[in-house]
Structures are given as C-alpha cells and as structure tokens.
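Right after this note come the structures.
The two complexes that follow have chain A in common; it is paired with chain B in the first and with chain C in the second.
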Partner chain A sequence: MAGLSIENVTKRFGETEVLKGVSLDIADGEFVSLVGPSGCGKSTLLRIIAGLETQGAGSVRIGGTPVEDQRAADRNLSMVFQSYALYPHLTVGENIAVPLRMRRLNGVQRLPLVGGLMPGTRAVAREIGQHVADAATMLEIGHLLDRKPGQLSGGQRQRVALGRALVRDPAAFLLDEPLSNLDAKLRVQTRAEIAQLHRRLAATFVYVTHDQVEAMTMSDRIAVMMGGRILQCAPPDVVYEDPDRIEVAEFIGSPKINILPLEILPDGRLSLQDRALDLAVVEGARGVASLGLRPEALRLKSGDSPLRGRVVHSENLGSEMFVQIDVADLQERITLRATPEQRGALALGTPVALDFDLHKALIFDADGARIRRLRHLNAAASEVA
Partner chain B sequence: MTRDWWKHLILILGVIIVIAPFYMMVSYSFKSPGEIDRGEGGFFGRQELMVDERCVKLRDPDRDDIAVAAGRFPGHSDSDIRDALLAEAQSDCSMRPVIFNYTKAFTEAPLLRYLLNGVIVTASIFFIQVIVALPAAYALAKLKFWGREAVFSLVLFCLLIPVHAIALPLYIMLAKLGLTNTYAALVVPWTISVFGIFLMRQFFMTVPDDLIDAARMDGMGEFTIVWRVMLPTAVPALLAFAIFSIVAHWNDYFWPRIVVTGNRDLFTPPLGLREFKGDGDGSFFGPMMATATVIVTPLIVAFLLAQKRFIEGITLNGMK
Partner chain C sequence: MAVIDVSMTDAPRETTVARATQERRAAWALTAPALILMVIVLLAPVIIAGLLSFTNYSLGNSGFDWVGADNYEKLFTRSTYEKMFIATLTYVVTVVPLSVGLGLGAALLINTLGRFREIYKTIYFLPVMATLLAMAIAWEFMLHPSIGMINRTLEATCGTPFEVVPFIANGCADRFPLWLGDKRYAIWVICFIGIWQGFGFNMVLYLAGLTSVHRELYHAAEMDGAKSAWDRFRLVTWPALGPTTVFVVTISCIRAFQVFDTIEAFWPQGGGPNKSTYVMMFAIFEKGIQQNLIGIGSAITMLFLAFVMFLTLIQRWLVERKVHYK
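For the complex of A and B:
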C-alpha cells in the first residue's frame, strides 16, 4: 500500500493537449474518484500513473518514490480496464491467476510441463490457486472458473477483470470505469462490494467513473476533471455543496444545478431579473455573474418573487418529484425539487412563483470562479464562509 | 433450384478441371506400364500380374548359377536348368502393378529419406519463420518507435520481389559461404518471411491495445507478451500462414534443385521425382506417379485435419 502523488503532469497527443498540468495527492488508503465528461483525459491520467503512457512533463510518485524510470510491470499497481482486456485463450481461473503467476513464479517455473517439476512450483501454485478461489468467491464467479471469457456475459467478464486486479496486493488499485457494463442491480451490488473491499484492504484506490452516484457514494474525495485540468478535488459533500467553479457545480448533481444570470450592481449588491437581492459581494469586479441554485434550494412561494413561470414538465420518482418551470426571461428551464404531495399545486401549465434560501445560493463571477465572500443585507451583516 | 442448374454445372466443371490431374496421378500409380501406354484399364487398371523385365534381366543365370543349381535339377542339361531358372525368375519377378509401382517408388530412390528431408526442411523453415515474424509483427503493429511506418513500407515492398529474381545472388552468397549442399542452404534463405510478418501484423492490429496493457500491468515483458498473449490469440492466423509456408516449401522444386547438386541425401521429395524421369523407355510413369502420390498425401491429410481452423484463420476472426 502506498500513496500517490502527481505533480504538474502534462500530456499531448500530437497537437491536442490532453492534460494541462494535473496535480493530485492521494493519501495511502484513500479512495479518490476521477469524474469528468468524456474525453477530458481521465483514462490518460490513469495510464500515466500506471506507466502505460509517458507524461510530457511533471512527475508521478508512488509511496514517495519517483517512478519515471519504472516500467508498468515494475510499478506494482493493479488496473481494471474500461474494456475488460481478458486473455481470450485462458480460462477465467487462469486469467485471474496470471498476475500472481508472473510475480511469484520465475520463467522456468512458468513453463508448461517442465515448470511442474521445478522445486517449489507446486507449493506456490497451490497458494495461487487458493488466492484465485478466494477472489472468485468474493466476486461470485466461483462457478465460472473453467470457462473462457468468450463464454461469459459482459457483467461476468467485468467481474473477472476485477478479480484479476484484486487478487494481488498492489501499491494501489487503478480502476477505469469498472462498472460501466453492469446492469443497474449488479452495479449497485458491485459498488457496495468495492466499497467494502476498500475498507477491508485499506488500499489506495483511484476510480474513474462517469457515474456521479458511484463517485458520491464510494469516494473519500472526488476529483472533477475537465478540459485536462482537475478543477476541484474534495470530499463528495463539499464538491456538491461548496463547488469552487461553475463547471464543477454544473457537472455534479442530478438533475443539474440551475444557473441564473445575475448582475452585480456598482455597490456590490446582487440583482436577479432586475430585482436587488439581500445579498452583496464584498470585493471584486462588478457586472455579470451567475447564480447557482440546486433544485432542492428552491421552494414554492405564494405572492411576489423575481422567479415566476409556468410548469412545463414534471417527473415523479415516487419519493420526490422534479418539476421543470419555464421562466419568462430565462433561456433555460428551472428545475425544482418538490414532494409528491405538492403534485396538486404543480399541474402542467400552472403559474408558480419560486423563492430560495439565500444561504444556499452559489454565486460565480463572469469567469465561473466561485465568489465566497458575501454580505447578507437584511440580517445583521454576516459573511458566508 | 432449377434456375440454378448452370451454377452447379460451372462448379462441377471447375471441380473436374481441378481434380483431373490428381485423378490421373493416382490412377497411373495403380496401373501397369502397358495400361498407361494404351490408356486402358479404368481407374484401378486390371491389376493383372505383370513381369518386371529389369528384375528378370538382373537374375539372368550365368554359368556359376547353373552349376550351383545343378544339384536341384539332377539329370537335366544345362540349357534345361537355365530355362527352369529363368522361369523361376519370371515368376518371382511378376507382381500386381500397384505393388510394383509403390515398391519401386520406395526402392528405386530413398523416398523415405526424401520425405524425412522434406519434414526437416519444411518444419525448420516454418519454425524459424514464426520466431522471426511474431516479434517483428508485434513491433510493427503495437509498439511505437521512430521509423515504424518506413519499416512497414519496406516489408510491403519486399512482398513484391519475386524469388526467382534474387535466386542467383542468393546462390552465389551461399556458395561463397560454402553452404551449398547443406540443410542450411535449403532453410536459411526462407527464414524471414515478409508475407508472414505482413499477415501476422495485420492480425495483431485487430488485437485490442488494452489487452497488451493489461498484460504489462500483470507483470509481463514485451517478449513474454509476444509468446504468452499474442501467439495464443493468433493461432488461427498462424495456422493459415502455416499452410501457405508448408505447402510452398514442401512442394518447392526450384530452390532445392539449385542448391542441392549431387548429394542425394539432401534431396527433398520433389527432387525425388526426378529419379523417374524417363530413361528413354518411359516405362517409369507408374512408380513416378506413385512417388508423387506419396509426396502429396501428407499435405492433403494435414489440410483435412486443419481445415476448420484454416478457414477461420483466413477470415481473421479468431478473437472478440
């Protein structure tokens, strides 16, 4: 087990700069998720850590040791690939055994027939067999050990790939969307298994995923990547509630956060839809800005409000309900979270007025950076940290 | 169905054209010289007893033989004994044509030796070709290095060079090295097969990169990857290549004819056929065709055994 430290790593493929200086410190035993839109460089970063790709600049350390001059095979990392990458000619059991065989048996011992005659081979082979059986039991693929990968379903293959990575005791696990091909039920189950496994092994995990729920539920920290940079790396609740940038706020959270245009008046006060709010910035530029409001920060209001519109669509998920509201001067619809009991007041076409909690409002400047220093005007002047 | 009859007709015609020489070969190997000359006897010939004139001639009794045999024929004149011995020789030397042809094939020339040579040469060529082609193809398909495309273009270019064009310089080089009339002369010029490199490279291109990266993560070096990951996944393609290579070199007449001069111990099966080239009387078609049949049989058997996988290999879809 070891921590990872990535410093200012860059990478370009020909003309395109895929990583533009990525730094990330991962503590020993930490579970860090890398999330970001497709093509933002997550897999590339993982491959650089693994040693399968060389970085343009910057350094990677594993457990404090720089690994630039080490081949992938020598870095002692385990990786699960986005495609399963199982050896098609080996059975499931043999597939899972490969990393152990390569590391615990020498070249002669691995030879067919002759290897079996070498002293010590038998004992090691038995030990390997035991590890394989344990991994297979954990992933519930014990009954598949004698099959070839071609005879498995996508989900089964993915679990074999996981098994092959988990059978070893590496410095860190690198997982590239390991659950993307599982069905919803199996995904939830395997998600829980990986989380448990992480707790049990106390191993370092770097976990790439598209799925926010996976990232939010499993991680110690989430690193949000976009355009070749890590925009924010923080615990899940912080990334959700206290994003550093507008892109992070927009990427994390489903349904998406509502972004409304805002104006910062010369005196620093914020104005929404030409109505001054009881909120002002302390410093910084005036002019255009954005207001981010999570669907649960909004609530229905009777009476006057800067946000008025009509219900145009609603999705009832049973325990909660998401309602899309068309507000006159806004290009995008606003999403509101409501309880199913409020259904009556939210029939299609109903005019509604919306109110929100100023303490939950996220303010971003014209560049998309978060403005944290705010003054609340009607209460005694207070600052939100 | 009836509208398709002409397709079948064309196919049948094609089959006849392809089969005819084989039919003749096998049929001649069954027949007596007389039947071959007169073109009679159907496929198997009549298999009447025939007399091997050469065998009889060899046993033409001389004075000593008659003296030795005198004890067996008491009271006979020398010419009677002579006639009796001749009759004996005649009956000893008469046999069915099929037996005559095939025994001749194996006794007239050391055909087993030639077959063994054929196996040694063909197997060595294929084995070394694989050892060279797989790593080369792997590098060309999956490793990034400066000049890779240029090297691959060279490979393609080499595909265009006909063997016969470079036969003479090759021969001179081997002669200067003193290698003519050795197994090396038969094997070495063929050990680098550009076709093999090309074919395997095309197949390796279809192997996903992630598989190779996974092998690297599992602790394999590049050579281990070639032999433990690429080779097993490429078996169908390799089998296709094996057929091309083995058929070409087993049946090759041109090159062995050039580099093996005189030393019959190095003859490959096709050279063995020359032993029967008509010595004026043309009576050796039977044994010659028997030899030819013996030579092609291993190939046909091997092909039938490998047929299923061979067809897979040609379509290059052993994976995924």
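For the complex of A and C:
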C-alpha cells in the first residue's frame, strides 16, 4: 500500500495537448474518483500513473519514490482496463490467475508439463487456485471459471477484469470505468463490494468513472477533470456544495445546477433580471457574472420575485419532484426541486414565482471562477467566507 | 384479394403444399447451374482420376484394362517410389517449419519497425513475386560447381582462418560440393530455395495477423507482470496468432507438397542425382505426361489428394476446436 503523488504532468499526442499540467496527491489508503466528460484525459492520466504511457513533463511518485525509471510491471499497480483486455485464449480462472502466476512462479515453473515437476510449483499453484476462487466468489463469477471470455456477456467480462485486478495485493488499484457495463442492480452491488473491499484492504484506489452517483458515494475525494486539467479535487460534499468553478458546479449534480446571468453593478451589488439583490461583491471586476442555484436552493413564493415563469415539465420521482420552469428572458429552463405534496400548485402551465436562499447562491465571475467574498446587505451584514 | 379468397375458402391446405413443392422445384432449378458446373469442373476430374488409377490406360490407346490395385501396389513396393516419398517428406518436413518460423520471426521484427517497414516488407516479398522458374536459372548459375558464385566465394576462404570449419577445410583440400550434381546436397539445395522463396509469403500473412492483436492486451500483460519479451509473446502474441498459424502451416504444407518448378528447371530428366529430389509432383508429371502412364500417374495424384485432404481436415478441426476461443 502506498500513496500516489502526481506533479505537473503533461501529455500530448502529436498536436493535441491532452494533459495540461495535472497535479494530484493521493494519500495512502485513499479512494479518489476521477470524473470528467469523455475525452478529457482520465484514461491517459491513469495510464501515465501505471507507466503504460510516458508523460511529457512532470513527475509521478508511488509511496514517495519517483517511478520514472520503473517500467509498468515493476510499479506494482493493478489496473482494470476500460476495454477489459482479457486474454481470449485463457479461461476465466486462468485469466484471473495470470498476475499471480507471473509474479509467483518463475519462467520454468510456468512451462506446461515441465513446470508441474519443479519443486514448489504445486504448493504455489494450490495457493493461487485458492486466491482465484476467493476473488471469483466475491464477484459472483464462480460458475464461469471454465469459460472463455468470448462466451461471456459484457458485464461478466468486466467482473473478470475486476477479479484479475483484485486478486493481487498491489501498491494501488487503478480502475478505469470498471462498472460501466453492468446492469443497474449489479452495479449497485459491485459498487458496494468495491467500497467494502477498499475499507477492508485500506488500499489506495484511483477510480475513473462517468457515473456521478458512483463518484459521490464511494470516494473520499473527487477530482473533476476537464480539458486536461483537474479543476477541483475535494470530498464529495465540498465539490457539490462549494465548487471552485462554474464547470465543476455544472458537471456535478443531477439534475444540473441552474445558471442565471447576473450583473455586478458599479457599487458591487448584484443584480438579477434588473433587480438588485441584497448581496454585493467585496472586490474584483464589475460587469457580467453568473449565479448558480441548485434545484433544492429554490423554493416557491407567492407575490413578487425576479424569477417568474410557467411550469413546462415535471418529473415526479416519488420521494421528490423536479419541475422545469420557463422564465421569460432566460434561455434555459430553471429546475426546481419540490415535494410531491406541492403537486397541486405545480400543474403544467401554472404561473409561479421563485425565491431562493442567498446563502446558497453560488456566484461566479465572467471567467467562471467562484467569487467567495460576498457581503449580505440585508439586516446584519454578514460575509460568507 | 383473389389469392386470399382461394386459400381461405377452397382448400387452404392443398395450396400450401402445392406452393411448397413449387418453391422446392424453383430452388433446384436455380442451384442446378452451379451444381452442374461444380460437378463437371471440380468433382468429375477427381472421380475420373480415381477410376483411371485402377487401369493401365494410356492417352491415345483405344481401350484399357482394369488392373485392380496394381498401380497402388507398385507405389508402395518399388524403390523409385520409396525415393519419391523420402524426397517429398524431407522437403515438406524441412521447408514447412523453417519457412513458417522464419516468416513469423521476420514479421515480429518488421512489426517493431517504424520507418523502414515497407522497404523490408517489399524486399522479403520479392522472391514470392518472382517466378520460381526464372529464379531457378539464377540459382543454377550461382551453384555451378566451377564458375558459380557460391563455390568461388568458398574457394576464396581457403588459406584464411575460416579453414577451421571442417566443411571448408575438406573443400579446400579436395573440392567443394557439386551441389546440384551431388545426391547428398541436391535435396537440401531444393529445400533452401523453397524456404528462401516461401517465407516472405508467410511473413506477409503473419504481418496481417499481427495487426489484429489488441494493443491493450500487451498493456494488460505488462500490468500482470509479464516482463520479458518471451512472456509477452507466450501470453498475448502467440495465442492471438493461432488462427493465422493454422492457416500458414496448412498453406505451406500444400505448397511444399506441390514443389515442382525448381526440380523441373534443374533436372528436366529424372528428378535429381540418384532420384534424390524425385518429389510427388515431378513423379506425376513424369509418369502421367512424359511417359504417358496415365494409370500410375493417377494413382500418385490420388495419394497426393489424400495428403492434402488430410491436411485440410486437420486445419478445419484445429480452427474450429482450438484457436477461435469461442
């Protein structure tokens, strides 16, 4: 077990710069998820950590030691590939056993027939068999051990790939979207198993995923990657409630955060839809800005409000309800979270007025960076740090 | 509408049956031309050859006698045919493994090249494209005992430290081999030319096979701790080349059984010194065409077909059972 430290890593493929200086410190035993849109360089970063790809600049350390001069096989990491990468000619059991056989048996012992006669081979082989059986039981693929990968479904292959990674005891696990092909039930179950495994082994995990729920539920920290950079790396609740940049706020959270155009008046006060709010910036540029409001920060209001519109769509999920409201002058609809009891007031076409809690408002400047220093003008003027 | 009425009211059952018969007839009519062609072009010659192998027929004769298995008996008793089997098997057993191995080796090496790939590929493929007959003439010049390039080169090494090699020492003391005229060397020269000519073809097949190896598998092997090139070859490359190998070996075997041009070019009469290069194809040619002994020629042909059929069946079996990983 060891921590990972990535410093200013860059990578370019020909003309395209895929990683533009990525830094990330992962503590020993930590579970970090890498999330980001497709093509942002998550797999590339993972492969650089693994040693399958060389970085343009920057350094990677595993457990404090720089690994630039170590080949992938010597870095003692285990990886699940996005494309599974199972050996097609080996059975499931043999596939899972490969990492153990490669590391615990020498070249002669691995030979067919002759290897079995070498001293010690049998004992090691029995031990390997036990590990394989354990991994297979955990992933519920015990009944598939004698099949070839070509005879498995996508989800089963993914579990075999996972088994091949989990059968060892490496310095860290690198998982590239290991659950993307499982059905919903199995995904929830395997998610719980990986989380449990993480607790049990106290191993370092780097986990690439598209699925926010996975990232939010499993990780100690989430690293949000976009355009070859890590925009923010923080615990799930911080990334959700206190994003550093507008891209992070937009990427994390489902349904998506509402972004409304805002203007910063010359005296620093914020103005939404030509109405001054009781909120002002302390410093910085004036002019255009954005206001981010999570669906749960909004509430229905009777009477006057800068946000007025009509209900155009609603989704009742049983425990909660998401209502889309078309506000005049706004290009995008606003999503509001309501309770199903409020159904009556939210029939399609109903005009509604919305209000929100200023303390939950996220303000971003024209470049998308978060403005954290704000002054509340109403009542006791307080500053939100 | 009318059709529906008829089938619904009158006799739906009979109509269906009639239609099925009609469809079956149409199907036969449509496949007949292909079937007939196949029988005439492919099967009939084999069957005729099979029948002729039990006769003493000669082209031009008005009749023939059935001789039973006489022709086959000759094949397995006469010493000429024993030499034929020895020459053929020596050739196949030498040329197939070496040309397949060299083809694989060259493909693996070329596959690691970046820039000069295409040049190497073309160079190794040149002998495949050249006619073997023309090449045989070039080889004949080079192998000429006194004025040939090979013996001249060997003679030049006399008096140099190369003489520690017994072969060269003997050559300098006495004379260098006659090559094509020496029954100890003739078949090996033929084998060498066969390998030289054939491995480029195997290489190209292997290069095509190598493009289908999933790149990520090498990465997985690396992560799994396969450090040496040999480990990676065993774990990823060789299994992935399984189907290609079966195909390459079969093709090489059939080509090796069919060797003819070099022998015909070097020894138009007789199949080499002391019949040491009297391979099956040449025997068929000599008996069936030169000496007009159609019966015995047909018998050798049938044997040849049996070998090839056997190889093809093994290939099919291997492909289906072993190497497709399904």
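Operating definition for what follows: the second predicted complex is superposed on the first by the 385 of 385 C-alpha atoms of A that agree within 3 Å, B and C clash if a C-alpha of one lies under 4 Å from a C-alpha of the other, contacts with A are read in each partner's own complex, and residues count from 1 in each chain.
Just so we're on the same page, a residue touches a chain if its C-beta (ideal position, glycine included) is under 8 Å from a C-beta of that chain, and two chains touch if they have at least 3 such contacts.
Keep in mind the model is a prediction, meaning the values are calculated, not measured.
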item	value
Clash or fit, chain B versus chain C on superposed chain A	clash
Partner chain(s) touched by A:Ile62 [first = chain B, second = chain C, both, neither]	neither
First (chain B), second (chain C), both or neither touched by A:Tyr87	both
Which of chain B and chain C A:Leu362 touches, first, second, both or neither	neither
Which of chain B and chain C A:Lys148 touches, first, second, both or neither	second
Touching partner for A:Val32 - first (chain B), second (chain C), both, neither	neither
Which of chain B and chain C A:Ser78 touches, first, second, both or neither	both
Chain B/chain C common contact set on chain A	47, 50-52, 71-73, 77-79, 81, 83, 85-90, 98-99, 102-103, 164
Interface residues, chain A side, partner chain B - complex	47, 50-52, 71-73, 77-79, 81-83, 85-90, 98-99, 102-103, 164
Residue ranges of chain C in contact with chain A within the complex	214, 216-217, 219-228, 230-231, 235-236, 239-240, 242, 323, 325-326
Chain C partner contacts - residues on chain A that touch it in the complex	47, 50-52, 71-74, 77-79, 81, 83, 85-90, 98-99, 102-103, 107, 148-151, 164
Footprint of chain A on chain B - complex, ascending	208, 210-211, 213-221, 224, 229, 232-233, 235, 319-320
